[in-house]
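Read through the structure below, which is laid out as structure tokens, and then see the notes.
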Amino acid sequence: MGTENGNRGQIELIELRKEFAEVVAVDGIDLDVPGGEFFSLLGPSGCGKTTTLRLIAGFEQPTSGRILLDGGDVAYTPPHKRNVNTVFQNYALFPHLNVFDNVAFGLRRAKRPKAEIAERVGRALELVQLSGYERRKSSQLSGGQQQRVALARALVLNPAVLLLDEPLGALDAKLRKALQIELKALQQEVGITFLYVTHDQEEALTMSDRIAVMSEGHVEQVGTPETVYEEPATVFVADFLGTSNLMDVTVDGADGDGCRVRLGDVVLRAASGATDARGEAKIVIRPEHVELESYGAPGENRVPGMVERTVYLGSADQLVVHLATGDTIQALVRHGRSTLYEQGTPVAAHLPADAIRVLAR
Amino acid sequence: MSVAAERPAASISTGERVRGWLRNPWGRPRFLVLVTWTYVVWSIVPVLIAVQFSFNATRSRTVWQGFSGRWYWGDPVDSVWHDPTLRHAALQSLKLGGADVLVATPIGVLLAIGLARWRGWGSRPANFLMLFPLVTPEIVMGVSLLLVFTHVFTFIHTGTIAQILGHVTFSISYVVVIVRGRLFSIGRQYEEAAADLGASPTVALTRVLLPLLTPAIVASAAVVFAISLDDFVISQWLSSGGGTDTVPIVIYGATRAAPLPSTNAIATIMMVLTLLSLALAFLAWRAFTREERRASVATEFGGFTV
Amino acid sequence: MYRRWLWPGFALPGILWLILLFVVPAYAVVAVGFGTVDPVLLQPVPLWNPADWNTGWLVEVLHRLQPGGTFFGVAVRTIVYVGVALVLSLLVGYPVAYYIARHAGRTKNLLLVLIILPLWISYLMRMLAWVNLLAIDGYVNRFLTYTHVLSEPRDWLGGQSSTVILALVYGYIPYLILPLYAALDRIDRSHLEAARDLGASPWATFRTVTLPLSKAGILGGAVLITLPMFGDYYTPNIVSGAPTTSMLGNQIDFYFHYGGQPTIGAAITVVLAIFLTVLMAYYMWTIHRAARDVPAV
């Protein structure tokens, strides 16, 4: 399949703004999504990600700003004329039509000849592994199957961009994981832009080529999953993706290739993030980078503390460590090293300088 | 220390159960069962008796003297089939019912969709206006319609046209309420999906929304037919005499004069027609929404999930 | 997606219809009631301009409604009939609704059909049924004399208040039971279980949880049946021929159809409508609120 007419599926949002009666849902965002990416809009409910999606789809009109699709401004084009298709959260499969008619719907609107419709629908169903289900009614399908029909229905039209509005939200955890892999594979096979809206950060990290983290109508950070996770630009991003172990510090001055930060009475060296900042700031360190050593172990960036609680996660242990400075952090310890770390054990938390990221307030 | 083992009560003997019931025959469920079924019997049996007497062999409506179809078609003078008053009344009722459905249903469907989605400043008063006929006592409506045809729209005289206009006026709101419920169940998603897939607004409305609204449209048509057949006050106030009397008016006249079992007969016929149309609507609703119920899309009908 | 003017456009035919055939007629009632009477033709002359309104007839009607006036007895009687009918309807209807909502189990669907059924049987038919039963030689008299409750047949249909009230109850109670049922059915079982869990006896649970939560339903149902009852004129006419049981509706009916004075009839209607406004407003507010409880389409 792929985009036959050379459209790359590039999306550009320029100062896009949408106000509803009392609320600013999208607060002047700029976004650039080159074609062919699996791009996620990630954020908590109310952050504007769904509104942004609906603006791109055409179900809402922007208050101001531009929406460029492959260079052309579609902000005021009605949805049925945009080369964009949507997979809805509740699938929105037409209940009065069977699977074939659902998938064929858009082709019929485009007045394609019957033979072409039959062929394309067949291929689309094959793509989502639902060949043979043509005559079924949507009520006879499971949630996962309905989702795939919705996908086929959208993809059969060869859009430049596919918009997905939390399509896996209604499925149970195991099915969700399986479909995440499938969707990612599908995007790579089809090659068009997938714009994916979700509040599940794990999902976004797993599937995306790049992520835009959103909060309260604006974009906090755009980057690859690694970037966004390891190098969060703001406190919000750090906190939203995984555990951040956010701590208040004072930045004194430079120290080697980083800066010197004071965490309570303890002095640490931080080598990541806004090391040029001075004064009050925050630091974050991911739990998997926190190393626990026996109490009193020497070396840079060791903070004395005590294991407050251990949570068994299956694949690892999550330890809640209360530091002498008064902060409480989480450490993630793979099995095989947990003998030391029972509840009540005094430890030294080693926070490697490269793993400490400074965020300006 | 040994504790005398107590044998737990595995089951209650019948005797104990009966004694328990007798000790408290006013125990709530029992009392409620009694009240409820007594009410149901009191509510329905009189009508059944009236139906029974429509088949009475003699003129009496109070003394049963054998089964006969004379009041329906047999009696050459007084049966429903032969008595011109009764026949005309039946025809008039059906005429009004049919016209009411044909006019009120489309207007009501459009009004329902319009009101549900209109966001402007006029929508609140419009909604308010739509609710008004539902809360207005019938005599007030009857008076107002009679006066408007006597003093304002004087080109319309009392009679069939006026009756139809009156019926439609009170029926529209019922259509709106029924269709509106269905609209809320459906939501916007299907039309948005249709537009997303290339359907113009017209196509989205006609090929997606309207088919999905069909159960509500059919149901509201049946309801309009039923309430039109059963209407008394408006029909009476706008009637111009014998030729435009409907069945309820005839029944009314008969109960105050000397009713014959033929009155029972025609009342029975109307009742059967009403119930049939409602049953059909109910079945149509169930049939149309069978697929959705299996997919557990909410299908509410005036507050009840069917 | 759709043009914004589409929706008001859809609503337009219906709104126009209702304006022409509901609002204008309502105004016609007011115009006639506040109008004058042509002295020669003895026809009502409606006055459309509020500045010209003649309050004479309205005052006359209000005057007659005072104690000692010709309408006073009818008005009082109407209020009494409606009040008693309402109370009786509640006393019978609440237990029925309660049972069906909370205890009926397997028979619930059957019972629902049976209580909805009377709503679709013509009111006239149901009254006709009672006219047959209450005749001198009808089943009621025959049963009561047979069981010696009565020594001789009673003339139920000859101007008895009790008959009218019972007919009102019979006629309107289905309209009460349904909303009551709906309200009771909506009460979440977990609320009742919580109350029991916290130590309330079944009766206390009913009193402190169920009853308050069903108050809206009671009020709604009560309004739903008292509104039409206040305007009822046919029920007294059917089950009682006598003027001693006439209700306010009968007065209106009289002045229009027999008394040849539509102006007075209109004036009474205006008074009645004002009296009922409070009830109507409450009823509209509950429908409106029920519709708003669902997300915007």
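Letters A, B and C mark the chains in the order given here, with residues in each chain numbered from 1 onward.
By our rule, a contact is a pair of C-beta atoms (placed from the backbone, for glycine too) under 8 Å apart; a residue touches a chain by one contact, two chains touch by 3 or more.
Here the structure is a predicted model, which is why all the values come from computation and not from measurement.
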State the chain with the largest centre-to-centre distance from subunit B, centres being mean CA positions. A
Hey, which pair has more contacts between C-betas, B-C or A-C? B-C
Per the C-alpha centroid definition, the whole-Å distance linking subunit A and subunit B comes out as 53
CA centroids of subunit B and subunit C: separation to the nearest Å works out as 17
Could you put a whole-Å number on the gap between the CA centroids of subunit A and subunit C? 59
Residue numbers in subunit A touching 2 or more other chains? 58-59, 78-79
Give me the residues of subunit B that touch two or more other chains. 192, 195, 201, 204
By the touch definition above, subunit C meets two or more other chains at residues 1
For subunit B, which residues are in contact with subunit C within the complex? 28-29, 31-33, 35-36, 39-40, 42-44, 46-47, 49-50, 53, 60-63, 107-108, 110-111, 113-120, 122-123, 126-141, 143-148, 150-152, 165-166, 168-169, 172, 176-177, 180, 183-184, 186-188, 191-192, 195, 201, 204, 226, 229-230, 232-233, 237, 247-248, 251-252, 254-256, 259, 263-264, 267-268, 270-271, 274-275, 278, 303-304
Contact footprint of subunit C on subunit A as seen in their complex: 58-59, 78-79
Across the complex, what residues on subunit C touch subunit B? 1-4, 6-15, 17-19, 21-26, 28-29, 31-32, 44, 46, 92, 95-96, 98-100, 103-104, 111, 114-115, 117-118, 120-133, 135, 137-139, 170, 173-174, 182, 202, 227-228, 230-234, 237-238, 241, 249, 252-253, 256, 262, 265-266, 269, 272-273, 276, 280, 283-284, 287-288, 290-291, 294-295, 297
Residues on subunit C engaged by subunit A in the complex (per definition of touch): 1
Within the complex, which stretch of subunit B touches subunit A? 189-190, 192-201, 203-204, 208, 211-212, 291-295, 297
